[in-house]
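Chain naming follows the written order as A, B and C, and within any one chain the residues start at number 1.
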Amino acid sequence: MSGRGQILSWLYVTPLMLVLIPFFVAPILVVLAASFFQSDGFGGLIADPTFQNYTEIFSSKLTANLYAETIEFTILTWLFSLIIGFWVAYFLVFHIRNPLLAIGLFLLCTVPFWTSNIIRMISWIPLLGKEGLINTALLRVGVINEPLEFLLFSGFSVVVAYVHQLTIFMIVPIFNAMARIDKRIVEAALDAGASRLDIMRMIILPLSKNGIALGSIFVVSIVMGDFFVIKVMSGGGSASVVGALYEDVGVLQYPSAAASAVVLTIVVTLLVALILRTVDIRKELTR
Amino acid sequence: MAVGAGSIELAGVVKSFDGFVNAVDGVNITIPDKAYCCLLGPSGCGKTTILRMIAGHDDPTAGEILIGGENVVGLAPVARRTAMMFQSYALFPHLNVRDNIAFSLRVRGMSKAERHKAADAMMEKVRLAEFADRLPAQLSGGQQQRVALARAAITEPRVLLLDEPLSALDEFLRIQMRQELRSMQRDLGITFVHVTHTQLEAIALADLVVVMEKGKIRQAGAARDVYDSPKDRYVAEFLGGQNVLMGKVRTVNGQHAEVTGLTGSGFKVPLTPGVNVETGDPIAIAVRRDDIELTSPGGSPPANTVAVSGKVKAVEYQGYFVKVMLNAGGSEDFVAYVSERKFFNNPVTIGDSVLASWPVDHARILAHDH
Amino acid sequence: MSAAARSAVAVPPVSKAVVAHAIAPRAEGRPWTFYVLSTVFVLYVLALYGPMICIYVLSFQDVRGGLVFPMKGLSLHWFVDLFTQVRTGDVKGSFERSIKLAAIVTVATVIMSFLAGWAFRRRFVGDGVVFYLMIGSLVAPGLVLSIGVGLVLHFIGVEGAWYTSAIGAQLSWTLPFGVLVMFAVMSRFDRAWEEAAYDLGATRWQTIRLVVIPILAPGLVAVALFGFTLSYDEFARTLQTAGSLNTLPLEIWTMTLNITSPSLYALGTVTTIVSFVIIAICLGAIASIQKRRAVRVPAT
C-alpha cells in the first residue's frame, strides 16, 4: 500500500492506540517496574531496585499453593464449560433447522452475559444455601437428613459460579466455528456411509478446533485473573492468586503485589500462547 | 478529424498488479463514439481490468487512455463522464429504488425535490415507476439490473461500462435482457463497453467485438468478421462455430495451397490474404461447422468440395440443428452442425463412418499463433 | 466403461457394521440425539436464568423478607428501601454515575471501533502489533491493569475519577470487543458499494456518511450494545480507577461483602431491568433494519 495509505491507516487506528497505550501498555510496564521497587510501608515506593519481591514469591510455599488451587479451578471450569458449551453449540447449529430460531436461542443464551455478573454470582445463595431451594427440596423428599454444606461457600460453588458465568464464552466461538461448516460436507460423509462417531471425529471436531481454542483462551484468562467470584463463593475458604494480590494492594504493599501480578501475567501469557499455537487467531477473528 | 465525445482510445495500455505478470499486456484499440463494444474472453484475460481502467477505478501501469480525445489517466470516474454498472449491481441496500437512482444527483448537491423529479423521469424510462419505494432486496434480478442501469445513466455519461451485466441472470432472462441493453444503448446514444465471457452474447449485441486472451487483444472487428473470419486459432476456437484442422503445406498453387492433413489425407485450401505460407509449413485451417455436409463413404461428395473421412463419436440434438461430433484423426473433435430436418432425413449414429465435406473456398488458413 | 476405468485396487464390499452405523434418512421425526441434546439445552437455559429469577422473585418480599425462600409477602418495600436508606449505600448516586459513564464509553467505543475496523480492512505496517496489543488488553487480568493505572496516576500525581481514568480503563475492555465485532461486520461489507458511490461522484466523506455508515448500522448498534453493557457491568478495571465515588458495580460489590437484606436483591432486579431494556432496544433496532433489507421476492 502507498505511503499515504499507510499514514491514513495509522491515523484511523490512533484513537485505539491512545487508549491501549496508557491503559494497557503503560500499566503493565509500571507494574513491571514497581515489582522491582521496595515498599516504604506507607503505600509509597522506594526506587531501590531489588529482586527481593520475586525471591519472596518463588520461595514461598503459599505461592505454590495459590497457583495450584487457581489452576485446579481453571482446569475444572475449562472442562465443564467446554463440555456443556460444545453440546449446546452443536445442538443450536446442527439440530435447529430454522436459522432464525437458532439465532434466537443463541441470543437467549447470551442475554445473561449482558447483566451484572456480580448479581448473577450472589443469585446462587437462595438456591444453594443451607436454607436454599435445593436443600429444602432434597430434605422434603427425604433424600438427605441434613442440609448439604458443600453446596455453597465451597470449592463446588466456586466452580458452579465460574461455569455458569463462562460457558457463554465457549458457546459463542464454537457456535461461530460450527456455523461455518458447510453442511454439504456432512451430507457427503453420510453419503459415504459415515456413522455419527465418524462425522464427529473427522469433521465436526477438527473444524471446531479454532472455536474451542478461542473459548479456552477466554475461560483460562478470566479464571486465572479473577478474584471476586472465588472470594464470595468460597466464603473465604479458598484464595486465588489475584485474590492475594488484591489483599496486598489493600495493605498498600504495592511492590509485592506488582511482582505477583507480573508472575501471574507471565503464567497466563504462557498458557494463552500455548493455546494460540493450535490456532491462527488473527485469521480466525478477522474472517 | 473531430472525435466523438464518447470515443475511446487505448494506446499501449499495460497493467500489472504485482510487478511480475501483466494482467493487461500492451493493448491498442479504438472504440468509436456511440458504438456498442463487447470485450470477450475467458476469466483472467484482462477484459475486466481494461473496463475498470476506462472507468477510473484502476490506473494503467503504462500507456494512455483517451476518452473523447482527452487523456483521462488519473482522473476520477465522475470527471471522466463515465458510469459503471457492476457485476453484482452494487445497489445500495439501505436505499429504495428512487434514492438509489437519485444518489449521484444527491452527492452533487441537488435539492430533494429536483432529484426526485429527475429520478422519477428515469424510472419511467426503464419501466420501474411502480417499484420506486421498494428496497433492492425486494426486487427480482431483472428489476435490479434496470435500477443499476438507470442509476448509471442518470448522470448522462458519455460512456457506459458494464461488467458482465447478464451473468447473474438465468438463461431465459439473459436472452430477454440482452435486447433491453441494446435498445437502451440506442436510446441514450452513447458508447457502451460490455464485458462478457459468453460468445453468443457478444456477437448478438456488439458493433465491435474485441476478443482477448491473457492480457492481449487477439482480434477486434464486427461480429460477423470475428465469427466468420477468425484471424488465428485461438479466436477460431473461442468463438465456437469453427473446426480447426492441422496440417502441413505440400505445395502452393496460385490462389490455393495443397495441404496434407494429419491423417495423411490431402485437400485444397484457398490462401488468406496477409498470411504467408510456404511449402513445408505447419498450418491451421478453419472450417465452419455449419458448412460441413455428411455423406456416407463410397458415395460421391458434391462437386468443388473437399472431404475428410471420420467416425461418428457423439450426436447432440440442439433443436433446430444437430451437432454431430466426429473422430477425424486429429486430437480434437471434428464437429458438423447439420440442420435438423436434413439430419433426420438421413440420420447417423455413433460408430458410423461418414465423409465430411465442405466447399473448397469456405475454408480459411489461420494466422500463426505467437 | 473401459477396463482401465475400473479400480486398480479391489474395493471391499460394504460390511454389515458400516451399514449398521450409517445414518439412514427418516421419513419424519427427529433422531434420538435431538431429544437428548434438547434436554441438555433446556437444562442449561434453566440453570442460566434460574438463579437470577430467584433473586428477582425474592426482591418483591415485604419488610419481613429474608435472603432465602420461602417468600414472605409481596411488596415493593425493598425497592423503596434501596433508594432511600443511607445505610444501603449510595445507590442512586452510583447508578447515575454508571449510566453516564456507560453512555460516554458507548459513544467512544462506537467511534473508535469504527475507525480502527476501517483501518484494518487493509494491511498496514505494524498492524500485527496493534492487533496483538488489542488481544492482550482483552485477555489481561482486569485487576492488574487497574492497579497499574492506579500506580501510573500515583506517579503522575493525578487523582483518578469515574469521569476520567475510569473511562480509559473501561475502554481498554470494550474496545477489543467493539473492534472484533467491526472486523466481522466489515468483512461482509461489499467493496462494490464503495466503488459504486465513488463511480457516481461521491467524495470519500460522502461515501462514508451516505453509504458505509447506513449499511453498517446494525453492526454499529451491536458495538454500542457491547460498549454499554460491558461498561455498565464492568468491575475489575474500574475498581482502582474510579476514584472516590463508586460506580454501580463497585457499589454492589461493597454491598455483597456483607449481605444482610433483600435490598441487594432489589438492586439486582433494578440493574437487570436496565440491562434488559438496553438489550431489547438494540436487538430490536438491529432486527428491524435487517428485516427491511432482507426480504426476498421470487424472480419475475
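Quick note on the criterion: a residue touches a chain if its C-beta (ideal position, glycine included) is under 8 Å from a C-beta of that chain, and two chains touch if they have at least 3 such contacts.
Not measured: the values here are computed from a predicted model.
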(request) Please indicate which chain is farthest from subunit A, where distance is taken between mean Cα coordinates of the chains. (result) B
(message) I need the chain pair with the most C-beta contacts, please.
(response) A-C
(message) Quick check on this structure: which chain has its C-alpha centroid closest to the centroid of all protein C-alpha atoms?
(response) C
(request) Return the distance between the CA-based centres of subunit B and subunit C, expressed in whole Å. (result) 53
(message) For subunit A versus subunit B, what separation do you get between their C-alpha means, in angstrom?
(response) 60
(request) Take the average of all CA coordinates in subunit A, do the same for subunit C, and state the distance between these two points in whole angstrom. (result) 15
(message) Residues touching two or more other chains, restricted to subunit C: which are they?
(response) none
(request) Can you check the complex and tell me which residues of subunit B touch subunit C? (result) 55-57, 76-78, 83-84, 86-88, 90, 92-94, 103-104, 106-108, 135, 137-143, 151-152, 155, 170, 173
(request) Provide the residue numbers of subunit C that touch subunit B in the complex, in ascending order. (result) 190, 192-193, 195-203, 206, 210-211, 214-215, 217, 292-300
(request) Provide the residue numbers of subunit A that touch subunit C in the complex, in ascending order. (result) 1, 5-6, 8-13, 15-17, 19-20, 22-31, 34, 84, 87-88, 90-92, 95, 105, 107-109, 111-112, 114-127, 129, 131-133, 136, 164, 167, 190, 193-198, 217-218, 221, 224-228, 232, 242, 245-246, 249, 254, 257-258, 261, 264-265, 268, 272, 281-282, 285-287
(message) Show me the residue ranges of subunit C that touch subunit A in the complex, using the header's touch definition.
(response) 14, 18-19, 21-23, 30, 33-34, 37-38, 40-41, 44-45, 47-52, 54-55, 58, 67-69, 111-113, 115-116, 118-120, 122-128, 130-131, 133-137, 139-149, 151-152, 155, 168-169, 171-172, 175, 179-180, 183, 187, 225, 229, 232-233, 235-236, 240, 248-249, 252-253, 256-257, 259, 264, 267-268, 271-272, 275-276, 278-279, 283
